[in-house]
Amino acid sequence: MLEAVWLIPALPLTGFLVLLVAGKRLGDPRAGFLATAMMGAAFLTAVIVFFGLMGREGEERVFTQTLFTWINSGSFHVDVAFLVDPLSITMALFVTGVGTLIHLYAVGYMHGDEKFPKFFVYLNLFAFSMLMLVMSNNFLLTFLGWEGVGACSYFLISFWFDRPTAASAGKKAFITNRIGDFGFMVAMFLIFGTVGTLDYVPALAALGNAPEYTASAIGLLLFLGAAGKSAQLPLYVWLPDAMEGPTPVSALIHAATMVTAGVFLMVRINPVLGAAPEVATFIAWVGVLTALFAATIACAQDDIKKVLAYSTISQLGYMFLAVGSGAYAAAIFHMVTHAFFKALLFLGAGSVIHGMHDEQDMKRMGGLRKWMPVTSATFIVGWLAIAGVPPFSGFWSKDDILLNAFDKSPALWAVGLLTALLTAYYMTRQVILVFYGPEKWKTAARPETPAEAHAEPEHEPVAAGAHSDGGSHDPAAAHGAHGDFKPHESPRIMTIPLVILAVLAALGGLLNLPFGGTPLEHWLEPVFGHNLRQVASSGGAKLVLATLAFVTAVLGGMVAATIYRRHRIAEEKVEPRILQRAWLVDELYQKTIAHPGRALSQWLASVFDAKVIDGAVNGVASLVRAGGSRLRVVQSGFVRSYALAVAVGAVAILAFALVRSL
Amino acid sequence: MIDWAVFAVAAIATLAGALGVVLSTHPVHAALMLVMTLFAVAVLFVAQNAHFLAAVQVIVYAGAIVVLFLFVIMLLGVDKSEDLAAERLKGQRPVAIVAGLCVLSAVLLLARSDWVSGARSTAGSLGDGTDNVQLLARSLFTRYLLAFEITSVLLVIAVVGAVVLVRRSGPMELDQ
Amino acid sequence: MPPLLTPDVEWGLLAPEIILIGGALVLLVAGTFLRRRDMGSAYALLTILVAGGSLVSTVGLWQDVTGIGANPRLAVADAVSIDGFSVFVTIVILVAVVIGALLADDYLRRERLTGVSYYVLMMLSASGGIFMAKANDLIVVFLGLEILSIALYVLAGYHRRRSQSQEAAIKYFVLGSFSSAFFLYGIALTYGATGSTNITEIGRFLQGTTLTTGVLLGGVALLLVGLGFKVAAVPFHMWTPDVYQGSPTPVAGFMAAAAKTAGFAALLRIFYAGFGTLRLDWQPMVWALAVLSLVVGSVLAVVQTDVKRMLAYSSISHAGYVLIGLQAATDKGIAASLFYLMAYTFMVLGSFAVVTMVGRVGDGRHSLDDYKGLARDRPGLAFAFTIFLLAQAGVPFTSGFLAKFGVIAAAVEAESYAIAVIAMVAAVIAAFFYLRVIVVMYMSGDADATEPAAAGAAGAEAAEGADAVAAGGVATATATAINTRVAIPLGAGVALALCLAFTIGAGLLPEPLLDFARHATLLKP
Amino acid sequence: MKVPGAWYLALAAALFCIGAVGLLVRRNVLVMFMCVELMLNAVNLTFVTFARMLDDIGGQTAVFFVLVVAAAEVVVGLGIIVSIFRRRAGATADDISFLKG
Amino acid sequence: MGNDIPILTLLVLVPALGAGLVALLPKERDDVVARVGLGIALLVGLLSLILLFDFDTGDGGFQFVSAHPWIESFGISWKLGVDGISLFLVVLSGILFPLAIAGPQVHHDLKGYVAWMLLLEAGCIGVFLSLDLFLFFLFWEIVLVPMYFLIGGWGYERRVYATLKFFIYTMLGSALMLVGILALVFISQKATGNLTFDLVSLAEGQSVAENTARWLFLAFAASFAIKCPIFPVHTWLPDAHTEAPTGGSVILAGVLLKLGTYGFVRFGLYLFPTAVVDLAPVFLTLGVIGIIYGALVATMQKDLKRLVAYSSVAHLGFIVVGVFGLSKQGLQGGVLQMINHGISTGALFLLVGMVYERRHTRLIADLGGIQKSAPLFAAVFTVVMLSSIGLPGLNGFVGEFLILLGTFVTHRWWAVVGTIGVILAAIYLLWAYQRVFHGEPTGGNATFAEMTTRERVVMAPLVLLIVALGVYPKPMLDRITPAVDKLVSHVEAHSDFREPVVPSVGVDLPLAAAEEGH
């Protein structure tokens, strides 16, 4: 059964190749179904392999399948090979599982887009890359997947490339990721230089005993890579912009799967972090600060997807908090539950956007509960899950993380708890703005006439032009201007995945219930060994912490309700401009990095290269010419001058002879 | 003593003639000054037992070459005086004079210890000067036979060349 | 008084010169009688025949002086040295005569300069060159040099209707006789210091003495001045551009090939065979001349707009390369110099063949502009010129490359690294102007793209422009008057083909020629 | 008592230099030729003196050849001058400076 | 092995004679010229493939050696041979030349174009195969001539300036090299009494004193550095690249630049191991500067071709780093990268040429939204671009990674700084891509024609190679490995350099091992 593992990435790859060649011929929607089928088959294969692995005992649950040698050079040797262990199979399962659902959803969402087949080409390629990333048995092949998903992310963010913002966002994502990749690559060099291999099993075993400074360096460098991919401080800036992509892409890549690759990598290298405790602490702090930071921004966003994007960054921060706290299982747990509820929320948001005919501004929504019952119901499930309301999945995973964080340092826990408060707050805000309250889309059609007293006049977009999703993809554009339409529920092909995800988001906690014997943690145990944090707190303390978390969540929700439902406080007071503009980090980066870099390049190109270096070259040439012109003057045409030259030459030679004769 | 006197007079005449060539404004005067030098050199030849050469010097140089010069001067009517004060080429004169002095001093300095260091009489002794012509002839027809023969080529060239150069031709098509 | 014992004259050994001179005289007499008749190409053919006969006899000599049982020796009372060296140079000069005659044939008819004297003078001049190469006596060298030069003075002024031609003649003459005087003074001083004018005797004398007197060094220096003038080494080069530009083009070609070769032959023999023991004294002098020639020749060629003048400057730079071979002062260096001279003879004659044809009627169209679009009108001619130019630049698979390679190798082997590097850098500068001509021929189809925008200062361009007006005044006047397609007459075509074949052939299969040059050893005292 | 050769030689050197300088400073082409003759005479004197000092006839023979060469040179040189002066009577050396650069 | 036919000699002679043959064809018959030219180029390609298949994988020495005395007086012979380092460069030439001949539209004088191209091919292959220094130099120099005519005859507006600059600049380098070659030969002759230009005997002899060797190496390096080109002697490249016709640019980037890096490997390392070891930090630094500098300058280029040209400076910087890193991985990566850069940059130039064919501009500002008008074209461009960026799974990555990996082990900090180039490559290429392909097509870009069949046929092999070599580079690496191992052992045997021992799997060795190495 385990031997079928190669099929898991191979199936989406096949889908990719088939669609690449015949995608246009298959057309809309068959291309989408083919892609979905491939993902589904991959999921089934993953299930089969999962059971195959289950069939083995704890420590035996490692299986390597080598396909062929990829790169071999001297002592350096890397195979295309898959490592099947509880971690990778868990990842594969949820990637293919969530992926299948999102594929299915996308068939409906992308219906009518002229580039429909191409979308699924990218989607399948993405799935393949993601699976390579998680299934690989060595760092380099993971890196292949890592870069592959990055490239796909680039393609998909700039899928509607005719919009300059989409194109820029794609580029930004790729380049920011590349900064992280720098760390990943150097880390690989260092690993090879230290232990002579990039294969996970032997390398990690050896690195577990590596000196701390080496382990720290590797850990930090890999974390740099992870921070890029998983949108952590300071490299998170690409993710909000990435919302330019079609919503299924946001759900699949920028919420559920790709952005968690960094977490996966950190979990994978747990022995290294075990050997470098200070790096672990660092990661925890970066994680929790990212979580808080992104949550604050999410509180003031008006774009339905932007809120979710910052929320994703925030939740990823939680995962890194878990990693840094040594709670690897909790990290994976939260990753999975987050995949469920965040995919759900994104798809729900997509459904809303779809139903609202490409409106993304929450301030122009409201009261959609009536119009989109399935969407709103599932979205609310997602809301409860992310806000941390028991018994929804998010509560359990978040609680697990906070517990471990508290065990590591109460300060981490405190920040985490504050973030939880904000999470509940901004999600509640979103739910209220979108599904409750007055139906602002009826009146807010004309931006120049503010319909509601409390509605702010047009907000400046966070990133220019980040407003509408899918401007060209939906035939609904033919519906005409805003205000003349009624929001509608999405077709079944879109709602079915919503429902399934809602169920998963609700019940995901079962995977690792603290009083259910923490099956996920058990399952993953062999991968972590002694690196996993064993929480020392007593059951009572755990209960107190859990209660606190719950209370916090409720509190956050209530505050939001107070402001947005009951209007006790003016909205604009809690949405300061600096938050709307995401703490001006983009501007800061522009000023401190992009502009100077540009100026430097410009100077190099137009001054240094053209004037100094090439100038020197041309200068030598002109020097020769100038010398020639100067010498020509001597060649005056007067025969007596020439004779004088002969005479002077004779004098010179005679003088030399005289010197020699002395 | 008489040798010294002869040398002194001849040397002064030589140099005076030479300076005269250089300094006389009129080409005819220059030619006459040249004759003076040539005669003086002939005297110096005689003083050194080169009787035949002295004769040739007078006959060929003074008799033929200088006459040729004068002939051309007259023929072309270029017997105008030259303004020696003017010099178009900047720095030509001082540099020329310095260069000339440098050559002179270099040669003299090079010869400061001794002029001759070569093997004696490689081509045959001079004898006492009485059979100068025979010795010269002997040398010409033995050691310098080839050189002697190829002077004929030189003379042919001179003749042909003179004919080619002086032959009248069509109008100067390309003259400005 | 002992009876006069005239020396044996080994007629056989002098056959090449005798045939050449005899032929010239026959031609002269015949020409005088046939003065009024249009002789077509008969004179040229006869010249080629004579030179060919001379060549055959020379090849016969080659067997005699090299190879197994070689017998290089002195002849005619030790006045000439019959060795591989002199035979080699003789061959090169005779080749120059043949090609020169081929070029002259049509040229003379085109320029309405018909008559026999051109060929006679050329052959006699060549005989002077051959005497210079063979001479084992400074007096013979001097006479050979004068034979060569005086004939060339006349040839330079041969185009009676071009004032440039006369200017070339007078300049060449004044400077030539001036430098001859220095040369002669050098001979005199050497004679005083060594007691002989015979090169072998001088060599032997110097081997027998450790004392180097000042007078001798002065003689050496002045000999170098005289010969440096003849081979156009800087700073004795200044006549070259003016004379090459002014002379009838085939004469310039002959001058560049034969006169330079002969001058170098004398230089190499006198300095390497005669003053071999003094090499430490003259090597620095030659070094300086070589470097100056390389640099000045190349740099000045860059700013030329007249192709003939440019070739003149390039010939100066080439002289620098040949001097490198001498500067090395090794057998290999001499062989390299000889090979260079042979390769150069063909390259430069080929180049001047092209220039002769492109000059068209009036021999005045030599400005770079006159080469515009030549590749389109006469692709074959442009291609040939390209090969010659590339060969002069030292591009591989041409004789020019091996020539440069040889002298550089000799310099490096003698551990004269500095001059090797300088020479190569000069070659790069030189490449620039060869390429410029190619640019004009090939890459100036449309008028706006012609100006080689090479990194020049605007001032240089302006100076160039002004000069083009001055130097090309006559040329442009003609250019507008006569706008004919370049004609390729048979004779010149054959000459071109010969040069081309050699230039490429020697580039591909150089071994026989290298062997040839290597066996062309000097007879040393 | 004979005058030592060195005197003659020094005189010849001086003559040579006067000739050389003369050629450099005079514009009249004919006078320039005469200066060349001066130089050649200096060389002749040198040869003859060396011949005496070395007791060698070779030096004198050399002078013989120099005379021939001088004659030939003059013939050709004057020929060139005549051909030029036909067009441009009275041209000086400086006037003939069309070719340059 | 096919010693019965002198395949290496054929590889040089077939294109050379082919050039002559093409030159003899009638000028008006472009169709015949095109067919004959392409036929010859394909024949050479075929020969190179035969060579590839007959090549003995495990042998690190020179194979198919054919040696004939040529100029015996100088110890010069016609000696050709191929090993794992040169093998793929020959094959690359064999592949790229037919594409460069058939790919771009030639608007005038096709005959001349094809003839020069074939001559160029002969020269390039000659350089890669020569085992005699003299022969090597001949080919090295002769390459300039056809390229000179190609740029000057078929180039764009400033072609004359560019071609002169190219010729003169590169010739200046070779000038010094010639002196270096001669000095090496004669110094060796003095030591061994044997006058020879034979590479192997000179390299194995190692009879040059250390200090002298350094100077000689610098003389060689001057030439190689200019050809590469290494910062700061790179400025001829953007001009030549930009002004050259498409086919010329393809060959210039694809093959000609490799002459420089190949020179460093084949002649630098082999002949002067001590000097290379001593001077490695200098060249590593220059290489790293090239990587960063080329990328930064590329970012700001307004001309698409110029941008690609500067990207070459950056890429070649990687190769230089790999070569002077002196590690097996770095060297292998370097050799691999030569091929990969040839393929991807060659393809990029072909694509830019197609853009020019359609739009008659190379200015990025004039382009935009092409992806909408010509999606397939954009897709191909994307693949090539990603290969150039070094995306894993495509060919560009493998070489780059090996270079940095190997160099990291021997010269850590250079590799780290060099890795920054990975980021920068993404910046300039993606930015350019965005400006050219993304957005709404305006003006002439709206009617930008999709790839023609001919263009598809030309690009297909390159795209296939880009993917294939990225996914399965092993066959290449297997053939390169023995030669590189041999070279590194040679360097180690003749200098105090020792490649740091990378700990074997699982053994816990601290990093110190890497530091002791130097």
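We call the chains A, B, C, D and E, going by the order they appear; numbering starts again at 1 in every chain.
The criterion applied here is as follows: contacts are C-beta pairs under 8 Å (C-beta built on N, C-alpha and C of every residue); 3 or more make two chains touch, one makes a residue touch a chain.
Predicted model only: the values in this text are computed from it and were never measured.
**Student:** By label order, what chains touch chain A and chain C together?
**Tutor:** B, D, E
**Student:** Among all other chains, pick the one whose mean CA position is farthest from the mean CA position of chain A.
**Tutor:** B
**Student:** Once you count every C-beta pair in contact for both, which comes out on top, A-E or B-D?
**Tutor:** Counting C-beta pairs in contact for A-E and B-D gives the edge to B-D.
**Student:** Of all the chains, which has the CA centre nearest the overall CA centre?
**Tutor:** Chain nearest the centroid of all protein C-alpha atoms: E.
**Student:** What whole-Å value do you get for the distance between chain C and chain D if each is reduced to the mean of its CA atoms?
**Tutor:** Comparing mean C-alpha positions, chain D is 26 Å from chain C.
**Student:** From the C-alpha centre of chain A to that of chain B, how far is it in Å?
**Tutor:** It comes to 101 Å between the two C-alpha centres.
**Student:** Using mean C-alpha positions as chain centres, tell me how far chain B is from chain E in Å, no decimals.
**Tutor:** Going by mean C-alpha positions, chain B sits 69 Å from chain E.
**Student:** How many angstrom lie between the centres of chain A and chain D, each centre taken as the mean Cα position?
**Tutor:** So the centroids are 96 Å from each other.
**Student:** Would you mind listing the residues of chain D that make contact with two or more other chains?
**Tutor:** If we look for residues of chain D contacting two or more partner chains, we find 9, 16, 19-20, 23-25, 27, 33, 50, 53-54, 56, 58, 61, 65, 69, 72, 76, 79-81, 83, 87, 93-94, 96-101.
**Student:** Chain B: which residues touch two or more other chains?
**Tutor:** Chain B, residues with two or more chain partners: 88-89, 92, 96, 99-100, 103, 106-107, 109-111, 115-116, 118-123, 138, 143-144, 147, 151, 154, 157-158, 161, 164-165, 172, 175.
**Student:** Going by the touch rule set out above, which residues of chain E reach two or more other chains?
**Tutor:** Residues 165, 168.
**Student:** Which chains touch which?
**Tutor:** A-B, A-C, A-D, A-E, B-C, B-D, C-D, C-E
**Student:** Please name which positions on chain A make contact with chain D in the complex.
**Tutor:** Touch list, chain A to chain D: 632, 635-640, 643-644, 647.
**Student:** Under the stated contact criterion, what part of chain D meets chain B in this complex?
**Tutor:** Result: residues 1-3, 5-11, 13-22, 24-28, 30-31, 33-35, 37-38, 41, 44-45, 48-58, 60-61, 63-65, 67-72, 74-76, 78-83, 85, 87, 89-90, 92, 94 of chain D touch chain B.
**Student:** Over in the complex, which chain B residues touch chain C? Could you list them?
**Tutor:** 106-107, 109-123, 131, 134, 137-138, 141-147, 150-151, 153-154, 156-158, 160-161, 163-165, 167, 169-176
**Student:** Write out the stretch or stretches of chain C touching chain D in their complex.
**Tutor:** Those residues of chain C that touch chain D are 139, 142-143, 146, 150, 153-154, 157, 160, 163-164, 166-171, 173-174, 177-178, 180-181, 184-185, 187-189, 191-192, 195-197, 241-242, 245-246, 304, 309, 467, 470-471.
**Student:** Okay, in this complex, where on chain A does chain C touch?
**Tutor:** Of all residues in chain A, those touching chain C are 617-619, 621-622, 624-629, 631-632, 634-635, 637, 639, 641-643, 645-646, 648-650, 652-654, 656-658, 660-661.
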